[in-house]
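Letters A, B, C and D mark the chains as written, and numbering starts fresh at 1 in each.
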Amino acid sequence: MLGPDDVSGLKTLVDQGVINPEEVIAILGKTEGNGCVNDFSRGFSTFAFRSYLQEITGKTHSQLSKQVAFVMSGGTEGVMSPHAVVFTNRVTDATPQDQKSFVAVSGFTREFLPEEIGTKSMVFEVAEAVTQLMDSAGIDDPKDVHFVQVKCPLLTSEHINNAHTRGKPVVTHDTYKSMAYSRAAAALGVGVATRELNEVDISAHDIGHNWGLYSSVASTSSGIELMNCELILMGNSRLGSGEYWIGHAVMQDSIDLQAILRALKNAGLNFEELPNPRELTRIASVFAKAEMSSTGTVRNRRTTALTDSDINHTRHARAVVSAVIASVVGDPMIYVSGGAEHQGPDGGGPIAVIVSQ
Amino acid sequence: MLGPDDVSGLKTLVDQGVINPEEVIAILGKTEGNGCVNDFSRGFSTFAFRSYLQEITGKTHSQLSKQVAFVMSGGTEGVMSPHAVVFTNRVTDATPQDQKSFVAVSGFTREFLPEEIGTKSMVFEVAEAVTQLMDSAGIDDPKDVHFVQVKCPLLTSEHINNAHTRGKPVVTHDTYKSMAYSRAAAALGVGVATRELNEVDISAHDIGHNWGLYSSVASTSSGIELMNCELILMGNSRLGSGEYWIGHAVMQDSIDLQAILRALKNAGLNFEELPNPRELTRIASVFAKAEMSSTGTVRNRRTTALTDSDINHTRHARAVVSAVIASVVGDPMIYVSGGAEHQGPDGGGPIAVIVSQ
Amino acid sequence: MLGPDDVSGLKTLVDQGVINPEEVIAILGKTEGNGCVNDFSRGFSTFAFRSYLQEITGKTHSQLSKQVAFVMSGGTEGVMSPHAVVFTNRVTDATPQDQKSFVAVSGFTREFLPEEIGTKSMVFEVAEAVTQLMDSAGIDDPKDVHFVQVKCPLLTSEHINNAHTRGKPVVTHDTYKSMAYSRAAAALGVGVATRELNEVDISAHDIGHNWGLYSSVASTSSGIELMNCELILMGNSRLGSGEYWIGHAVMQDSIDLQAILRALKNAGLNFEELPNPRELTRIASVFAKAEMSSTGTVRNRRTTALTDSDINHTRHARAVVSAVIASVVGDPMIYVSGGAEHQGPDGGGPIAVIVSQ
Amino acid sequence: MLGPDDVSGLKTLVDQGVINPEEVIAILGKTEGNGCVNDFSRGFSTFAFRSYLQEITGKTHSQLSKQVAFVMSGGTEGVMSPHAVVFTNRVTDATPQDQKSFVAVSGFTREFLPEEIGTKSMVFEVAEAVTQLMDSAGIDDPKDVHFVQVKCPLLTSEHINNAHTRGKPVVTHDTYKSMAYSRAAAALGVGVATRELNEVDISAHDIGHNWGLYSSVASTSSGIELMNCELILMGNSRLGSGEYWIGHAVMQDSIDLQAILRALKNAGLNFEELPNPRELTRIASVFAKAEMSSTGTVRNRRTTALTDSDINHTRHARAVVSAVIASVVGDPMIYVSGGAEHQGPDGGGPIAVIVSQ
């Protein structure tokens, strides 16, 4: 994409008949804003894709909203290349395949009130939505879920004032910090649905604090442009078309080269120590989460992102993780989203890879 | 280092007798400022190390300045860990060794006038200084030079006004941009001394523009805290003590994993595709330069660092290159400096590695 | 506005019949991005207002583009409040009034090639466009022109590559700096049209360098979202409706309180030293330009905006000038745009005020 | 000052005999860092002034620490000019004057543990220290206290880990936010000492939350370079030398022009609506605090500083308040410090002015 509103790539594929706009169920994009509170590149991109799809399908705003999840993640620090991945879903009467293969489904929660953002009611609603998505994807075994992307809301000054007017407390008065709480609650919701976590074990205080609780397949990203959660679930299922596989691994810290290699193998790439260039061409997409360890250290060395008041630490984390992945896969057009609260261990995060068969 | 003024690491080594302060010839540090014009962490660190060394040796400011080159490079974006490498030099009457090994020497140019910064007179003075350093290091063959670190000045608003008062033009009125011109001229000077470049082929206009001209061993870094150049030359020589080797390679872009592996091999590490953890412990230091390609692309993908008006592109570049190197060597305490004008090809840069034998 | 895409204020006025969308000729907005290269809030806002007006008028993109100039200026640093001023123009068969009063007209230049941005061909084209606008506004005497807002293009990495492919030089390779050259050329064009400057006196080198050449009524702002110039000219004319007056003054530096007071008086406010609250309610809009002096000083004191590598100096300048004006007029919902090259003297800039009669 | 380490101004005054270094009791400086967590300009400046004073007086670090309070406040956004105000105190045997005049005294609290920062134990210790300072300044009536500057510590990642190691909770895990809690507790401590607040009315939860509790003369500023509080108290007293007066007022918001004028009058300037240039030359120093209202609005207009993830809101606030004050006093060399928690009402802050008689 040449800018947040550049929909020409999708338009070309539609014009060529490669993509049927009626079958689009989700657009997952990396846009080039700061990835923080005042990042309007996400909303701008959503606006542009939505306008284009409304125009081409003749659907209303409300009709399209029920069909397509728009999940834009801001921040292309370092070498990340702005792009969007468009997911389509064709319902056929073919019988389920013998072998499981890649499938993606999308869905939504209801809208949240400002005072619900970052609380247990978000955990619950997201868990419900993920469970329904597993069902519709034909996935019984939670181990077949490899990536669950959730776009969740944040608190602005207006939302905080709104809650106060009604006498309701909000989880934080810091708008930037509200992004973290929202991501945290959504990630715990994914973990509950995939049975990595047990809902009764999660207290309100754990959200955004108890890093021992995490999902290995959650990827959550907050934005100013919505008040509900939009979800995309990816896994391997007998309902898959057989074209792609997905696999994943968990990075233990932001420079965990070995975890990236494990994810590539888990998705089906063949190699010993490092994949060769031909094998790398099988990679269709890479999705990962990034964050700085709350200890301020990496491999026991002091790092400075957490005390940097000029550049938010999520921006440092995205630059680092995307660079390491790009150096292995040989392509900077990958999706790395910042803020991995309860998404992998403290300082680490999940990485998922889709490869063609 | 716990902060720019933390000299406790050096103090401990001096107190333990590991380092003789009289033998210190250079301190090469990564400090945690923004690495740009208003980065006072470099000057603060220099001030602190200098004060400590003056106190412990009883030398005056002027005496110490002739003994020690202080080269502080700002910017520890991503995971880089603030630290300093202290070089000592012991002159012995031992005969030269049969095998070449690591040696480091330091030196200085004269002070420059504001109007000389980024011009051919800097190229010339730096080339002269490097040639003398090769001589004192016992290096005849330029191929034995593996890294030449130069700390060079920049233009502030005061310097620009000063030149104007005297009716002299400066190379740019943009203080941030002056850092690039200064680094560019210094790097070309290194290339001339190592015979990678021919001085007569370099026109004034080439400085900061003709990226076809470059040195593979230059590493230049500008700072507000000096008006001359301070140099540290590293190579392998028969005058070396036999403890370490140095090697290098040139990264072709900022995610060039293979070049990092080549540099490790060139320095003497033994491995096939990826070095194992035991072999990695032999690494003493890694020095590299980082920059974003002037085309705005990496592997033909559009990147956004050059159009980011919130974070300077040198900061993005340092985050990327240091992350990739750290993921390979398993340690974020490495030296990566931004702005690789004429230091390796456009978008790439040299990487040097010191390993114990 | 609650965000760059908030068109609800305009929608309410249209719904109430206060504004006839067919009569809208220009929308001049302050949006909340960084005001620099990667500010997508400008394009987002333009997209949203344009979409709304297309929907309500049934016009095509191309038809609307000929009717309405969208001039969004990014950057609401400090206390500036994001907002848009909508200008409408009703052509009547009433005879011209005896007394001159406020009138606004809008227009466009052709699209520029990347290599033309910041050059004399921009100066010429803008001068032509302004001259035509004066004509259509019924203004003979250039002294009746009080503010000419020009939105002009900038260079991105793509534009620079595009020019290079065709073997054409661009005025600068620094994308942020290209904004300054573009503003500079457009401002000189205004000065030529208002006869403050003589086109033959302006050399290519003067653009962006010779601060002795300036217009007192030009206000130019560059953005990534267009390749032509969009113009809004404001003055007092016999064709005015008699509701408002406009006046202006020139701030000599960014804290020139007296110039603000002069502008208020010039526009028709009545007061001795400071206007009282009742008189201040007559103010409809304030437009001003801001910049830091190229000397790095204000009232002979050293300031640090020009050497700040974290925050661009245009952002500092907008924060300062808008704060000073807001403190006088008692309202932070004012328009202050950064980068006043050739718009008032070095470090200063024009301020225009519209007051109701 | 030409940089954080520029002590030449003080040196000149010492060389000229204007200042006796033995009589220096405090140095209050504005340095040009970001004023946030990773601002090393404060520590650098302190290091430089301390080194100079040690050298000139022959005192040890510890001896000098008991004599001089170094209070450096980072952040010269907008037009603020980096500078330091040096306070000297000469004890004479002269009898107290009939008329009260300006006096300044300095002092210190003990060092705090990380877990104490931002808590009631800070409130208590600061209140104790201020009470002692009032005593030594000969001030009985709290109304004669016009400004109490406190430099207080902040939490770094290391401090937080240190507290955790000992099983102690800290007030926040966000290093930037810890600056606010520390300033808040210190300000409440001042209010207790000046009897504006009653210690028993302040609960732990009020610190950093209940903006109804505030002091009109507190000015607190946090920094990475100390773990205790350093204080400077200014007021009018019969022990004053008779050369200067101090007065103050409270800005209700960040563009409160009338409060600035009230402070000038309170300090003794003579004028009706606006002071004339001659009267302005009597101003020796201006000290003020700045912050953005927690509502995100100024005069009921939405502002964007609180949702700006690129520039911290304290930086916006300093730019605004210093610009407004500079426009009135005609000089940008003033002291405006950010983060006015419990220092004046929400969104406002105290302003104090010293004028010569």
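In this section, contacts are C-beta pairs under 8 Å (C-beta built on N, C-alpha and C of every residue); 3 or more make two chains touch, one makes a residue touch a chain.
Owing to the predicted nature of the structure, the values given are computational and were not obtained by experimental measurement.
Colleague: Any idea what the CA-fit rotation angle from subunit B to subunit D is, to the nearest 5 degrees?
Modeller: The rotation relating subunit B to subunit D comes to 180 degrees.
Colleague: Call it same or different for subunit C and subunit D: same when shared residue numbers make up over half of all numbers used at their interface.
Modeller: Over half shared, hence same.
Colleague: Averaging only over C-alpha atoms, locate the centres of subunit C and subunit D and give their separation in whole Å.
Modeller: 39
Colleague: When the centre of a chain is set as the mean of its C-alpha atoms, what distance in Å lies between subunit B and subunit C?
Modeller: 45
Colleague: Hunt down the residues of subunit B that sit against at least two other chains at once, touch-wise.
Modeller: Expected reply: 2, 32, 34, 38, 158, 302, 304, 310.
Colleague: Select the category (line, ring, star, complete, other) that matches the graph of chains linked by touching.
Modeller: Basically all the chains touch each other, so complete.
Colleague: Show which residues of subunit A lie in contact with subunit C when the two form their complex.
Modeller: That would be residues 2-5, 32-33, 38, 40-41, 43-44, 47-48, 51, 158, 224, 310 of subunit A.
Colleague: What part of subunit B is in contact with subunit A in the complex they form?
Modeller: Residue list for subunit B touching subunit A: 1-2, 32, 34, 76-82, 254-257, 272-274, 298-299, 301-305, 310-311, 315-316, 319-321, 323-324, 326-328, 330-333.
Colleague: Residue numbers of subunit B touching subunit C in their complex, please.
Modeller: 34, 36-39, 156-158, 161, 173-177, 294-297, 302, 304, 306-310, 312
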